[in-house]
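So that you can tell them apart, the chains are marked A, B and C in the order they are listed, and the count of residues begins at 1 in each.
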Amino acid sequence: MQKKRSTFLFSILCFGMAFLYIPMLLLIVYSFNYSKIVPVWGGFSTRWYGKLFESEEVWNALTLSIKIAVVNATFATILGSLAGLALVRFGRFKGRTLFGGMISAPLVMPEVITGLSLLMLFITLKEFLGWPDKRGFTTITIAHITFSMAYVAVIIQSRLTGMGISLEEAAQDLGARPLRVLGDITLPLLAPGMMAGWLLAFTLSLDDLVISSFVTGPGANTLPMLIYSRVRLGLRPDINALATIIIVTVAVGVLISGWIMLRQQKQKQRDMQMASAD
Amino acid sequence: MSSQDEFEDQPWLDPDAVPFISIRGVTKKFGDFVAVDSVDLDIYQGELFCLLGGSGCGKTTLLRMLAGFETPSSGSIFIDGVEMSNVPPYERPVNMMFQSYALFPHMNVEKNVAYGLKRDGVPKEEINLRVAEMLSMVELTDFSQRKPHQLSGGQRQRVALARALIKRPKVLLLDEPLAALDKRLREQTQFELMNIQEKLGVTFVVVTHDQEEAMTLSTRIAVMDAGEFEQIGSPTEIYEYPDSRMVADFIGSINMFEGRVTQNSSDHISVSGSEEDIEFFVDYGMSIKDGNKVWVAVRPEKMRLSKEPPTAKKANQIKGMVQDIGYLGDISIYRIKLASDRVIDVTVPNQIRPKDGKHVAYWEDEVYLDWDAASAIVLTR
Amino acid sequence: MKQITTLDRMKAPVMARNWASELMGFLQTQWKAVVVFVPFFWLLVFFLAPFFIILKISLAESLIASPPFSPLFEWAEDGVMSIRIIFDNYSYLWEDELYLNTYLSSLKISTISTVICLLLGYPMAYAIVRSPPTTKNILLMMVILPFWTSFLLRVYAWMGLLADQGLVNDFLIWAGFIETPVRLMYSHFAVYVGIVYTYVPFMILPLYANMEKLDMELHEAAADLGSKPTTTFFTITLPLTWPGIVAGSLLVFIPATGEFVIPDLLGGGNVLMIGRVLFNEFHANHDWPVASAVAIALLILLVVPMMLYQRVQAKETESD
């Protein structure tokens, strides 16, 4: 019985993983297709990669997206960390429920609603304050920070809860003032979480299509917007090439960081075993 | 003998002694829950004071109020004559050893220990000197460059102790200092703690749920229950003269008999058992009326077990039947069933090897228990 | 006293330092307020305020299908007007069958997708939890990896697979199920595939986190007490993983209901989903008041599941 159930689990796991990965693998394979008609194989070629980089449009979109992603990730990490800190460490304060609700709501808010409502805000602000006078980089970045900081806050919250309060209390007990504790203990221990938060915010921003489409202005096309405008009319071999580059970059990044984390974990385990042998 | 010498080891008996820590009417509420309920306590310089109680009795909350991590809902705490309500933890002359040790994982042993001195702006040379001295005291000199996760449990405990002691605090607070160690290490560390305390003369306040630990370590113990002190006294007082059934039951094991006072004079009390046919004769007097309900308590090791009826004696004895025998090596525990169907425990030291595995008495044997007038205690609550 | 003032005047830099130290002092005492205030203010302005604005706009006149830069403050001043017009946009949504059908269709699609995600994700999460540690880490990473890759590109990948000359059709013909390619793209089927494909990791991860905390000895205890594996599953595993099921389902259901990219790229004109209608209402028709009303109606539809999700999350963090 046990055996039978394991086989069932194993086959569904294999099916699930195949389901998750085969489409992406095929996407990559067909990026090396010579044929202009994507699903029809016409021999191996890298010509679409060349075509891709000839296009100034692609370069502009890529630069804009990366610029937005970096600024967004930095601000989202700062704001999200502050929010996480406040929610976990400050106990009850006025407006905490509202604050907690607002910080986690963007996680599940449909993008169309966030996008539309932010656009309306920007338009209203412009009418009353004359700012932002042009939609584009600034407005997209603000919109991205608003939803990315929620993800960072969630990461920071779980790290802080997992860390427990006693390390910070110990530092206070030894004479460190609250700000000192923050600098000496809390921030160094949160650094890996903040790093993870930064990377997540960066990726989320690089990925966003819907919200950007709402709050952008003339001329400001992010990479996803460019991809969308091309693929909604049908398959495009150059997009396969672009997708391959993006997927491979991300996969390599994730694998490397995963490998580093695993190695650190193993090193720590070895250290601990050695220590108890002393 | 001057009065100072007279009370040297027991300052709490000296009416002129000034308490070092003074807790006055302190209450701590978390919402509706009263964790600590208007307690008063004086702790004197150089004491090794234990707060003993089960989980949720308020002992840790009280300790955290001394450290400054919690503020009393009402009442006040004085340390060395200074009111502490508005003093934040980082300005209090106390240090704490955390139950989890709370060693900073990103700093090595040396940096952990030096942390407190650095915050006080002590010159670098002095820090180095004092850290080295402290590490040699806790025998960790060779481990100064290790990170906490590279240490064993016992070593971590000693780093935590060194880190808490290096600022020469007026009071050291220890939250379950030995709970994370295994039994053998725990016993050894108990004595190390006592030596260090004696050497440095620092006042220790220890929170523990382990009564054995409290008995070995402390000069005095406060037994806590539901946010209140049940009894405060030296280990001997707590064990031999518990104030209440709760304390008597909590510390060690005890056999309790309900009864009514039949005769009460200045040098003895007689009690007759309500459920068992026992006449109790206890060798001290109390201010209590005849006919009042009391409980007489006798600890298992203070009872004698024999197969022959004690001669020429009427009080302080009862007959029973052996229901169970627990052989523990050093002692054996006999569970004796009385005529009232109550089961009580008696311990018998195994002074000679049981011959061919034979015990003093056997299952189903009829046995007699008796004890001295100086063995039992009378409890009124 | 006098001496001190002269000294201060003589040493101008001291004044500057005083100012700096005052700021430091302010930070020392008020840093907590600063830490709360900055993100709080940001969210109030860029998250909460926008909802009130679209609420306001949704109550405005529809005739303002005029240029996008129409004066919003006029609506704000004309309170009476707004109240009269409340019905216009919302009753329009109610009366026009298209909108009502779209809402219902969205709900149906996201519900079915959630169920499929659960049926696929639950055994996967369970299989991952029960794998040996090293395999577990690798499998977990494989589930997380899609999170980091572009959503849009993952949807695009299916455009290639489901195309008339795509591999799915090739496979079906090769296997002899069909003779000529069938239309897979621009159908409900394509939308379900797309949603399940992109959202199944959102189902697996909360389930995994929940199951990871589950004590495997419970199964042994249940078996020891004579429970058959199926009984154990329904009496022990399922009730204990319920929080994970709820969290995962909501994480799929809520965003899937408002999904735009998948119905747009894979569903074509055949599949009605509210996110897409909103997007088109706004970008193609430039009808802001109606778009806002659509958004508010969607929000009302999702507010219950969203609050439920928050409660589940809050409970989870508390129990940690």
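Simple rule for what comes next: a contact is a pair of C-beta atoms (placed from the backbone, for glycine too) under 8 Å apart; a residue touches a chain by one contact, two chains touch by 3 or more.
Predicted model, so just to flag it, every value in this text is computed and none were measured.
Shared contacts of chain B and chain C, meaning chains that touch the two of them, come down to A.
More inter-chain C-beta contacts link the pair A-C than the other of A-C and A-B. Between the Cα centres of chain A and chain B there is a gap of 54 Å.
Note: centroid distance chain A to chain C, computed from Cα atoms, is 14 Å. Residues of chain A found to touch two or more other chains are 177-178. Contact residues of chain A toward chain C in the complex are 1-2, 5, 8-10, 12-13, 16-17, 19-21, 23-24, 26-27, 30, 37-40, 79-80, 82-83, 85-86, 90, 93, 95, 99-106, 108-114, 116-118, 120-121, 123-124, 127-128, 142-143, 145-146, 149, 153, 157-158, 161-162, 177-179, 182, 203, 206-207, 209-210, 213-214, 224, 227-228, 231-232, 234-235, 239-240, 243, 246-247, 250-251, 253-255, 258, 262. Only residues 67-69, 88-92, 94-96, 98-100, 102-106, 115-116, 119-120, 146-147, 149-153, 155, 163-164, 167 of chain B touch chain A when the two sit together in their complex.
For chain C in complex with chain A, the touching residues are 27-28, 31-32, 35-36, 38-40, 42-51, 53-54, 57, 68-69, 71-73, 120-121, 123-124, 126-128, 130, 137, 139, 141-146, 148-154, 156-161, 163, 165-167, 197, 200-201, 228-229, 250-251, 254-255, 257-261, 264-265, 275, 278-279, 282-283, 288, 291-292, 295, 298-299, 302, 305-306, 309-310, 313-314, 317, 320. Chain contact summary for the complex, chain A toward chain B: residues 164, 166-167, 169-178, 180, 184-185, 188-189, 268, 271-272, 274-276, 278.
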